[in-house]
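Taking it in order: structure first as structure tokens, then the write-up.
Letters A, B, C and D mark the chains as written, and numbering starts fresh at 1 in each.
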Amino acid sequence: MSTKLNRRLRLGMVGGGPGAFIGAVHRAAARLDDRFELVAAALSSDAEKSRAYASELRIPRVYSSFQEMADAEAKHPEPIDVVAIVTPNHMHHPIAKAFLAAGIHVMCDKPLTTNLTDADDLAAAVASTGLIFGVTQSYSGYPMVRQMREIVTTGGIGAVRMIQAEYAQGWLATKLEDTGAKQAAWRTDPAKSGPAGCLGDIATHAFHTACFITGLKPKEVAADLSTFVEGRRLDDNVQAMLHFEGGAKASLWSSQIAIGEENNLNIRVYGEKGSLTWHQENPNYVQHAPLGEPTRILTRGGAGVTASPAAGTRLPTGHPEGYFEAFATLYSDIAEQIVARLEGREADASSRLLPTVADGVAGVRFIEAVLKSSANASAWTPLS
Amino acid sequence: MSTKLNRRLRLGMVGGGPGAFIGAVHRAAARLDDRFELVAAALSSDAEKSRAYASELRIPRVYSSFQEMADAEAKHPEPIDVVAIVTPNHMHHPIAKAFLAAGIHVMCDKPLTTNLTDADDLAAAVASTGLIFGVTQSYSGYPMVRQMREIVTTGGIGAVRMIQAEYAQGWLATKLEDTGAKQAAWRTDPAKSGPAGCLGDIATHAFHTACFITGLKPKEVAADLSTFVEGRRLDDNVQAMLHFEGGAKASLWSSQIAIGEENNLNIRVYGEKGSLTWHQENPNYVQHAPLGEPTRILTRGGAGVTASPAAGTRLPTGHPEGYFEAFATLYSDIAEQIVARLEGREADASSRLLPTVADGVAGVRFIEAVLKSSANASAWTPLS
Amino acid sequence: MSTKLNRRLRLGMVGGGPGAFIGAVHRAAARLDDRFELVAAALSSDAEKSRAYASELRIPRVYSSFQEMADAEAKHPEPIDVVAIVTPNHMHHPIAKAFLAAGIHVMCDKPLTTNLTDADDLAAAVASTGLIFGVTQSYSGYPMVRQMREIVTTGGIGAVRMIQAEYAQGWLATKLEDTGAKQAAWRTDPAKSGPAGCLGDIATHAFHTACFITGLKPKEVAADLSTFVEGRRLDDNVQAMLHFEGGAKASLWSSQIAIGEENNLNIRVYGEKGSLTWHQENPNYVQHAPLGEPTRILTRGGAGVTASPAAGTRLPTGHPEGYFEAFATLYSDIAEQIVARLEGREADASSRLLPTVADGVAGVRFIEAVLKSSANASAWTPLS
Amino acid sequence: MSTKLNRRLRLGMVGGGPGAFIGAVHRAAARLDDRFELVAAALSSDAEKSRAYASELRIPRVYSSFQEMADAEAKHPEPIDVVAIVTPNHMHHPIAKAFLAAGIHVMCDKPLTTNLTDADDLAAAVASTGLIFGVTQSYSGYPMVRQMREIVTTGGIGAVRMIQAEYAQGWLATKLEDTGAKQAAWRTDPAKSGPAGCLGDIATHAFHTACFITGLKPKEVAADLSTFVEGRRLDDNVQAMLHFEGGAKASLWSSQIAIGEENNLNIRVYGEKGSLTWHQENPNYVQHAPLGEPTRILTRGGAGVTASPAAGTRLPTGHPEGYFEAFATLYSDIAEQIVARLEGREADASSRLLPTVADGVAGVRFIEAVLKSSANASAWTPLS
């Protein structure tokens, strides 16, 4: 990515107060490639906390609420270029609406919203404002995931037949939400997470990553949700079978009660002429098995790895990059899109791999279809 | 296993002619622990071929047909103790019946039969004759699979919640059956395989291994069969979701079009207090993740591996055992059962891990339920 | 790390111009935890290049030479707190001396110098000025390397007997230095690298990491250097056997002609009561094998991982951290040391794991001893 | 391998009494491919034990001593074709001599003898009798080791530069020989093992496997032997650097005190055009990294695996073979050589990969050179 803009972009943040996990990730990711300066924030619904933490983080402009922030930034002589929304799910919709209305680009965490009506509403707002809207389906930022996408979409493994998409964790195998653990509490609370637990939190990542890599359009799903931990209010295990346009199929499993699993997003794609395998926990490698030939190990930045995924590579092969770097690539993507617009030029092609509001809507539609199928004896339920 | 019997057992074989894969495996497996002598055979439906190949294998008594063999062995002064049935699936039922009628114990390849009526009929014949009947669900012979069973059934990972059972191969990713490949031809021919392709050939192994390890009773299945290779007459990809008595669930995937996969039987069991993972292609290891503790790597014959699985271990840790050794353990199991009966004593407990005709029936029932569910929009279909 | 200092530290940089690898790593690492602002630089020996690149990087104060920079910063009202030296090896000594003389803390890349005289001279300058001096032996910043150090130095595997230290790369398997590749050119040029090639570039990392983890004091070395690529002017393969005080031994292998190896730093430590294994290319895991128990997989931030290494952990288990994060930990270490001094308090214990000038001197002493041993028929040569 | 001989070969065995590890391995290995019948034995130096155990194993001809056996078999109308010598090391020489004198082919365990004089004497006896003499350097029987040999010796990775050969175990990390463990006792007793402990037991395997794969001629060695367990009478850790004719080098490490290691023979070969890596504990795979291309995973019997190694493959890819099967290949090799001689034809080329008395002599020479070098401050010591 190249730019003539002689300043860093101005970033704002809503959410991400003390103890939040994903807010700190967004901040570090935005910092890594040095394209942003965090200049404004409403970090917490508690204005006092927000102020204190912003001072600790050395953020100059602090606001008491997202609405106040949107209003003020809209009028500021040097307004933020983009706002990062990193609150619990139920707040994504009103906050995003407010900033779009203020004419400010948005980087929103996932799932986009807690229901499809809100998601469609946001998509409409993005369309009508023409603003840039990114969704941090973070795994699409991994260079080797982008490499898989490039191989699949250029026919490198032939027509896709079968996908195995897994995202398993074990940290909610016991009733952690009763112990005061903040991360567990809001994720298992329907008021904050919406009607989906594991489904909204991580199954959506498995779903998006599978779609991102293959470019396939999902058709229908047959799903079985479970709540294995007694008394939990949302699902903690998701099983699904999927059909795609064109005949491809997928099995999807996502769980937060899988003891021994940490953050095991694991995608395998089998086509007519080869297959690809990727494991998030050791993300710098892809196994590529061409039909009738030995399996090859592709490495980030290594031999046989083609141009566009390399855009997200900062280090020589063998020097591992991880989750921060993948996330940072999404921030560099939106930076490039914003700068290109400021400079009146086309954004680099690879920057357009940033997940969009449409991806966010598809994720919410997936959630609703899975909920419906599971409630209906796993009947096949449309995804489009 | 100890014995006072001062001879090797006499083994007969039906099927396993030149070019057959599994017949040679049975012979090597029976030889490995030196408990058997192969003394009689009807190796091929072509009597001439049978005779020639038996001579090459130095098998003294050769027969033109299984019926002739059963009749003759029944009257022989030193009859075979047990017959191994290693023909294509559609012949298992008549051959097994013939030898049971002749009073001869049976070791039968899987799937037991091509339909449930025949399977039930065989089970009845076993019950009425009281003979020993083993089914070579071979993966149950791996020491680490037995170790997993011991851990699970003694409560080592608590109540089972979720099972991931996969068995993926890629060798039928193209229409190999049109190229003269014998192994591909009969497996994709409904007349020889019955109505199930990949389902009968390997999904049954994944199903049995999951049941064997957990001791759980399957309740119902929702399945989606595919035939990805155009013109193929049987399924080549199986997706299923399962419910077990007591609330456990499973995802099962089995495929023969998964390029890059060789013989990837892969079982993961997640319970309330821990999980276990095993990969057939590197079978001497199990990963055990206890809740809240680091994952441990259990190795065949190594520290923390308890007694009964060790029975199937012939070499010190680090000296890999493989498929032959697992298979040989099933032969040693049936040897022990036969000798114990000859000696009028109880067979060793571990020898009773040999899959029985009931396991074979359960496998056929699984096949029929999957076929029915898949034909019925993946509706949940009873497994018992 | 906590601080009351209400500003970021001011960082300067010498070296790290366009095309340099390690300069960009230092900058990103310094940025990741948001403790530094890069405010001054002499990025290149070519003043024009330096100016242009500094402008692109938005560094406000640009200098034509390191000496000009040291002089000016010494008098600046808001001088840099610390300078990062990221030039080729032969320049480390004069630059470090200049900034120490200017009263500025130093973060210096490795190897410290190209000869022991210079190294000792620097150590003396550090001692006499009392300034903070870090050496970016970057692998010591990995949380799991620090975890190993904690396990070993608290007796967790008993007295160390044997270390296997490897650092293998393959990128110099052909004469890359003749192709215009800048990274290859200076590394194989004695005028810029000093008398050691692979030895100074990466074997020193293997050596330092082994010493860091075990806390052992090296005694003597028997080494065999090779130059496998014809016409290369420095070694490209290092074999060594080491003796430590107290009886431990090590084998060390480092190579840049090992095709297929990317950045394979791989450390195994065997003690009387257990062993530890770590691979840099998948750095979030350590295998710990206690005597007579199954091997355990320790994961960054996971169960059984103790406090001080966790200090360098920014993400939950299963979200991989990599090379940038390890490097960033060294920058946070020096930040904490500097801030503690400004605040007149003790620095956090974990920040003192930052490699010091003494570690740098030990590295140069290792280089000289290996060169001497190899030139002397691999005779055992003192390391202290 | 094809044969017209219409009988199994007659095998005799000396050593391998109750509790012996390697005797049982030889018997199973000889049985696996059904080319041998074990008809004669002197299993133990205790004639009574020998008789009882032979009866249990159903071996018809039992002898009180190896000499009695050699004498009797020489005169027997149906004498053994070959004798397997599986005693402790110090007995290999006299027993082998006796059977060679009796005109009987020999399969001898390794190390060949406990000193070079005996080894040379045996080689002379083999030469003068013209008999077939195999040495069970068992790792050369693995199909993927043979595949590596084929790749290297046909130039597939160019001229070899560097070899990393490791063989690490942990079972002697404590003084097991004091606990009554038979396997530990004789291996650490100079009277039975000769002057080498770990060196003779397993370092010789690493040495032989490296030479077998590369076909290189070793020139000199610089070695450092250790005895880490206090009071042990032989070495338990071997470090060595090697030079080969033509400029290749190797590092060799072998240990029996490496806790956590089971039977970790691990060979890496780096050439001018690529590299190969193999791990005994998961022996069905080789990693092949060609210069400038992605690393490939070669699998036993899989794509890209060439003819002669396939000779030792009995199962389809993905069905793991292990240690018994590798060992069995050596028995099939000697079977083929014996039968070819009986039939007056050339033995199959692959059967001649069986290690010979010359390999045995080279192993003993390696042992003596390492002992000498280690005693002489690791001075470079000739290997030829």
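Convention: a residue touches a chain if its C-beta (ideal position, glycine included) is under 8 Å from a C-beta of that chain, and two chains touch if they have at least 3 such contacts.
All values reported here derive from a predicted model rather than from experimental measurement.
Participant: Among the remaining chains, which ones contact both chain A and chain C?
Facilitator: Joint contacts, listed by label: B, D.
Participant: Of all the other chains, whose mean CA position lies farthest from chain A?
Facilitator: D
Participant: Using mean CA coordinates as chain centres, what's the gap between chain A and chain D in Å?
Facilitator: Chain centres of chain A and chain D, defined by C-alpha means, are spaced 55 Å apart.
Participant: What's the distance between the Cα centroids of chain B and chain D, rounded to whole Å?
Facilitator: Taking the average C-alpha coordinate of chain B and of chain D, the gap between them is 34 Å.
Participant: Rounded to a whole Å, what is the gap between the Cα centroids of chain C and chain D?
Facilitator: Centre-to-centre distance between chain C and chain D: 43 Å.
Participant: Could you list the positions in chain A whose residues touch two or more of the other chains?
Facilitator: 261, 287, 295, 299, 302 - these are the residues of chain A that touch more than one other chain.
Participant: Taking the complex as given, what residues does chain B use to touch chain A?
Facilitator: Residues 157, 161-162, 164, 166, 170, 173-174, 222, 224, 226, 228, 237, 239, 241, 247, 249, 251, 253, 255, 257-261, 268, 270-275, 277, 287, 289-291, 295, 377-380.
Participant: If we count contacts the way the header does, which residues on chain C are in touch with chain A in the complex?
Facilitator: Residue list for chain C touching chain A: 6-8, 21, 24-25, 27-28, 31-34, 57-58, 169, 171, 261-264, 280-284, 299, 302, 314-325.
Participant: Quick check on the complex: what are the chain C residues that touch chain B?
Facilitator: So the residues of chain C touching chain B come out as 287-288, 292-299, 302-304.
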